[in-house]
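Scroll down for the structure; my scribbles are underneath it.
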Amino acid sequence: MESVGSIIMYFIIAVAIIVFSVLTVTTRKILRSATYLLFTLFATAAVYFMMDYEFLGAVQIAVYAGGIVVLFVFSILLTSRPGDNTEKLASRRRVLGLTAAVAMLLVAGYSLVSRCSMFVSRPEMGEIDMQQVGTALMGTGYGQYLLPFEAISVLLLACIIGGIVVARKR
Amino acid sequence: MDPIIPILILAIPLCMFLVLGLFGNKMSHPIAGILGTAGMGVTMVLAYITAFTYFFSGAPQFIDGDVHLQNIVFNQDWLQFTDSLVIRLGFLLDPISALMLVVITTISFMVHLYSNGYMRDHHGVWETGFQRFYAFLSLFSFSMLGLVVATNIFQMYIFWELVGASSYLLIGFYYTKPSAVSASKKAFIVTRFADLGFLIGILILSFYTGTFNFTDLTSAPVAGMDGVYQVSGETAAGIRNIFQTSAAPIFMGGSVMTWALVLIFMGGMGKSAMLPLHIWLPDAMEGPTPVSALIHAATMVVAGVYLVARLFPLYLMEVTSLDIIVVVGALTALYAAIVACTQVDIKRVLAFSTISQIAFMMVSLGVARPEFHHGIGYMAGMFHLFTHAMFKALLFLCAGALIHAIGSNDYTDMHGLRKYMPVTHITFLIGCLAIAGIIPFAGFFSKDEILTACFGNSMVWYIWMSFVAGLTAFYMFRLYYLIFWWKEHKIHEGHHAPHDQPWTMTLPLVVLAAISCVAGFVPFGNLVTWNGHNMFDHVSFLTNLENLDWSVAVISLLVAVAAIALATVMYKKENPMPERMRRLMPNLWRWSRNRFYWDELYMFITHKIIFNLICRPIAWFDRHIIDGSMDGMAYLAQRASYAIRGLQSGNIQMYVWVYLIGALLLGAVTVICLI
Amino acid sequence: MFSNVLIYFVVIPLIMLLGLALSRNMKQIRTVAVVGSSALIALSVWLLVDYLQLRAAGETAEMLYVGSWAWFKPLNINLAVGVDGISIAMLLLSSIIVFAGSFASWKIEPLPRQFFLWLILLSVGVFGFFISIDLFTMFMFYEVALIPMYLLIGVWGSGNKEYSAMKLTLMLMGGSAFLMLGIIGIYYHSAPEGGQLTMNLLEISRNASIDKGWQYFLFPMTFVGFGVLGAMFPFHTWSPDGHASAPTAVSMLHAGVLMKLGGYGCFRVAIYLMPEAANDLAWIFLILTGISVVYGAFSACVQTDLKYINAYSSVSHCGLVLFAILMLNTTAMTGAIMQMLSHGLMTALFFALIGMIYGRTHTRDIRQMGGLMKIMPFLAVCYVIAGMASLGLPGLSGFVAEMTIFVGSFQHTDMFHRVFTIVACCSIVITAVYILRVVGKLLFGPVQDEHHRTLTDATWWERLSTITLIICVAAIGCFPNFFSDLIKFTFNTSFAQLLGMN
Amino acid sequence: MEITLLYYLIPSLIMFCCGVYGFLTRKNMIAILISLELMLNAVDINFVVFNRFLFPGQMEGMFFTLFAIAIAAAETALAIAIIINVFRAVKGIDVRDLTKMKF
């Protein structure tokens, strides 16, 4: 049985996620869309904190909310022109998108609800400290991720170079 | 016999061809002419030596008692197909090949000599391509000699083709003239078609007998005959059995052997211009006249006769094939004789006369049976071949002299030339008398023996051929009178009177005329018979006269004289009788004048049927159906790619949508199945 | 590896490629091409002489100069080489045509260096194909020979060249697909159960382990695969378009050598490895090739483009090659190989001459030309000689080849085969028709176009090119027994037992 | 009231569907990218939640999310670089305008 606080907390977060997600894709102004995305990301970070993954939550806030959204905002400012912000959706397009999304929601939701394993409650778990995370990242044994880590670093490097090359003024 | 002489007989003309062909352009005209003529002269002497040695030396390899043997002087492997089927290039000496050596080299030499004068205009300017002309003549002589001395049927076929090619080149000598080009093309293709039959005949024959060699093929004994053709050189083992057993298979109503022999005869029909493959020969007169004399009168066109004679023992085994030869020959003889009566172009008259005379030889071979006068038909055919070669070459060379003098081929431009060209006149008359069969000229004896042979075979053929002989006399004298008599020759302003030609041209005329006078007395019965046996016990100058069947001879003489008399009445002086005759039978005249529309028929077949109904549809089919289906496949692939490339639009949202639909369906299926 | 003489048939062209890559001007390019192709001729003549000496010394092995070097161990793919009389004849033919082709493209424009590069690359493929006895190597060289064709036609061709190049390449590639299937199939049946699979022709034929059911499937695959290149009806339509668009030397090489790859492959792979199926299925392909022979000849009769005429004539003649191969007897197959030699030389000569005439008159339409004999006598005489060779005049190569085929085919014990032989024989008449038609229209008669009067006769390099070919054509025609014996030896050895031939 | 696994998955699913909807309907490339981020984020939540509820002793889900965030960052950076470049080239970032490389 959870504490009432966490239940309330959960509902706040869930509502925030749902509302801001919907707003993100329904608002007509692109800058607002980015802002709602930011809120969604924060809500996600809150979910991570609730799951006791503090490190992950921190990363989510720092990288996603702090880095990516800022990038979005910059690029929006760079590429937008007056009058661009509002885009009218063709109704056919919207119906198509809506159909797909709703159908997806129904199928996936049905399959979720129809499964009793979905109703497991949260087991207890010890605190994950930074040392554990660091060891898992730096090791090469079972459940340790040095190789993906290195791969990611190479990817990031490539990405930096790629970004420079692509965006460079000729 | 030392093979060096036979080798030289073949080698000299070949060398002349190569030398004149490759370096002719660097030589001056007279040198080329002299070189060619001298080469042929040497060849002629060598051929005489060979023939003389063969007939009269009495050497054991040539003659055994009173039998002439076949002798293979040399035989070189040329192309080996299987162990037994080998093409060899060799030199077979037997009565007919020796005879042919003499005929070919004599006529060829005369023509070489004659051409020195003929291939120049009145001002002594040489024809362009004079050297080329001599080169081709040498090539022809080489091929023809190679043909007659062939030791196996495939060697014969090889030289047969070469002869055809050199004939093509010579007919088309004036290659800028479209009519000459088409004539040469026609000659080649028609004879090629006939050669196809020849080739297939060879294939069938060799398949069943397993050999190409004449000595093996012809040594097969004839059932019920005592005369076994003697074989020297190669062995003839096993050929009897092969022939006895292989004659059995029946194909479309005839034994395969009959088919093979008839197909081989088809080759002969093509070369010898038998009906219905005769159409090339009149057109071949587009070539220079000496060529007509050499190739299209005396030598090449009798190759078919020679072929039948060469395989005569085989033909004897399948008498059906001989009957076919007689029918073809008789029809051709009559047809050509009728056509010759109405032609205007003197060379065409001579050409049809040639066809008719060759048909005589064919008939003669066809009616020959060993049981009648030792196969006199065979001897008569060969005899006629010999005499005909002489007098027909003479006639053609005379015609050449006339054409050279007048500049036209039509007798309408000649008339009454006897005073202007006396030598030509006399020699032409001798030729006409010879061909008409007037005693004592050459043609009388040979034609008389042919008629005797026909008489021995069937009364029908005898009467038929006698009638044709009469026609021969008629159309030849018609020609003679129309050229030399009829009305006086008009000399137009500014033209020289026609006159006899230089000695290079008249000498051959005189020589050939002399031969035509005396050739009839050659005792052929002791030289050339179907089985090599002598026909007479002893020979003298008068042997042929003594052995004549006078009942036949008198009748044929009467017919000939009557025909000549008719021609004299009709054509000696300008008179309306010919016109009246024409009105009397207008249809016959028109058909005869138009050569019974054979050319039109062939034109129809080749252009309308073969070109328009076979070639064009096939070409169309290829371009549109076959190629079209290939293009169609490519087109389909292209259409298909156009059709589906819209899916690959680059619109990522579209991709996602399609992907989602797929994923959802899969998901739905999974969900439904799992429940 | 380099001690084996055969390798040099590939090495020399490769060195030529290097030389061409380094050459700077036309003179150097020509030098490389002439020196290299002369070296190839010298090599093949030496090989011929040495081979004959070995045979005379009593060497009875099926293939001589055999060598094998591992290439890809896991699949047992080797670079295996070896030659018999047939391959030597083909090598000789190829080297002569490369030589003549180099001279025929003396003044090729534009990009002479690249042209020769591709041409020599093509010849690498050709030579490699003829020396290989490993299926994979063979196939690889086969492809090497095909691909340059696309560029050679597409870049240096004339007329509708892109279309032709595409069509030719695609159709031949389609053939390759069949072929590849066949080769893989053969590979997986190349040894009895549990044995080491191999690509080596000699080993496969020794194992004789392809069972009959598979042969029925693989034989048509390989035969059609090679048959496409051998212009077998109905897969021949690349030939007219391709030849018409190709530049002179490429037409020469393609019709002269590349089409022989088809016939050679049919014999060496399809029939050699699967004799039983060949025996049983021959009738199907006999009908097709018989049609090729007559059909090609008829089609040629009404064409007006010189190259089209010649291309259809090639269809007819190459049809005869496949026809004879299918007869499965020594004489006919000897004839087939001789026909390959003969057709190769003759048609190369034709295409060379057509190229030279086209280079002067700028038209290939026979209706627009006439009387060329007066204007360019040398070329015209050569053309007549080529025509005579094509219609089978004795003394030139066409006659001996065709006669060997006809006589050999007619020795077949089966009535069906004999009847078809007669059908094929008919082509000699039709050939005469179209050859004489061209000769009559093109060379004889009055001069059609007055502008043509100013044209010149052949230059020295053109003379050299044509005379080389004419000499070879005449050599085969005059001394056929030499070539026949050279070729026949193969059929008299194990091959004869393989087919159960007499 | 028990807050079970499902309670976390439903918002995440809705988030994902929003992402899908946005991705399918928007024409602005940046908006599309934002929708993409939404979807990625929904997936991240799922990883974490599954990890936490089903395999609490392990950290696979968490690390997967960690890497996914890193990759998302990289990808976004690159995508935005491309978008800016495209904007320079065609003066607009509407996906319908980008047809130069079609077919």
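So that you can tell them apart, the chains are marked A, B, C and D in the order they are listed, and the count of residues begins at 1 in each.
One rule holds in what follows: a residue touches a chain if its C-beta (ideal position, glycine included) is under 8 Å from a C-beta of that chain, and two chains touch if they have at least 3 such contacts.
What you are looking at is a predicted structure, and each value in this text was computed from that prediction instead of being measured.
Shared contact partners of chain C and chain D, listed by label: B.
Of all chains, the one whose mean C-alpha position sits at the greatest distance from that of chain C is A.
Here the CA centre of chain A is 68 Å from the CA centre of chain C.
Remark: chain A and chain B have CA centroids separated by 102 Å (rounded to whole angstrom). In whole angstrom, the spacing between the mean C-alpha positions of chain B and chain D is 96.
Work out the mean CA point of chain A and of chain D, and you get 6 Å between them. Chain C has no residue in contact with two or more other chains.
With touch defined as above, residues shared between interfaces to two or more other chains in chain A number as follows: 96, 100, 104, 108.
In chain D, the residues touching two or more other chains are 20, 23-24. Pairwise chain contacts in this structure: A-B, A-D, B-C, B-D. Residue ranges of chain A in contact with chain D, taken from their complex: 1-2, 6-7, 10, 13-14, 17-18, 21-22, 24-25, 30, 33-34, 37, 40-41, 44, 47-48, 51-53, 55-56, 59-60, 63-64, 67-68, 71-72, 74-76, 78-79, 84, 87, 89, 93-94, 96-98, 100-102, 104-105, 108-109, 112-113, 117-125, 128, 132-133, 136-137, 143, 145, 148, 152, 155-156, 159-160, 162-163, 166-167. Per the touch definition, chain B reaches chain C in the complex via residues 77-82, 85, 87, 154, 158-159, 161-162, 165, 168, 172, 175-178, 181-182, 184-185, 188-189, 192-193, 195-196, 199-200, 203-204, 206-207, 610-611, 614-616, 618-619, 622, 626-627, 629-631, 634.
Chain contact summary for the complex, chain B toward chain A: residues 657, 660-661, 664, 667-668, 670-671, 674-675.
The part of chain D that touches chain B in the complex is made up of residues 20, 23-24, 32, 95, 98-99, 101-103. For chain B in complex with chain D, the touching residues are 645, 649-653, 656-657, 660.
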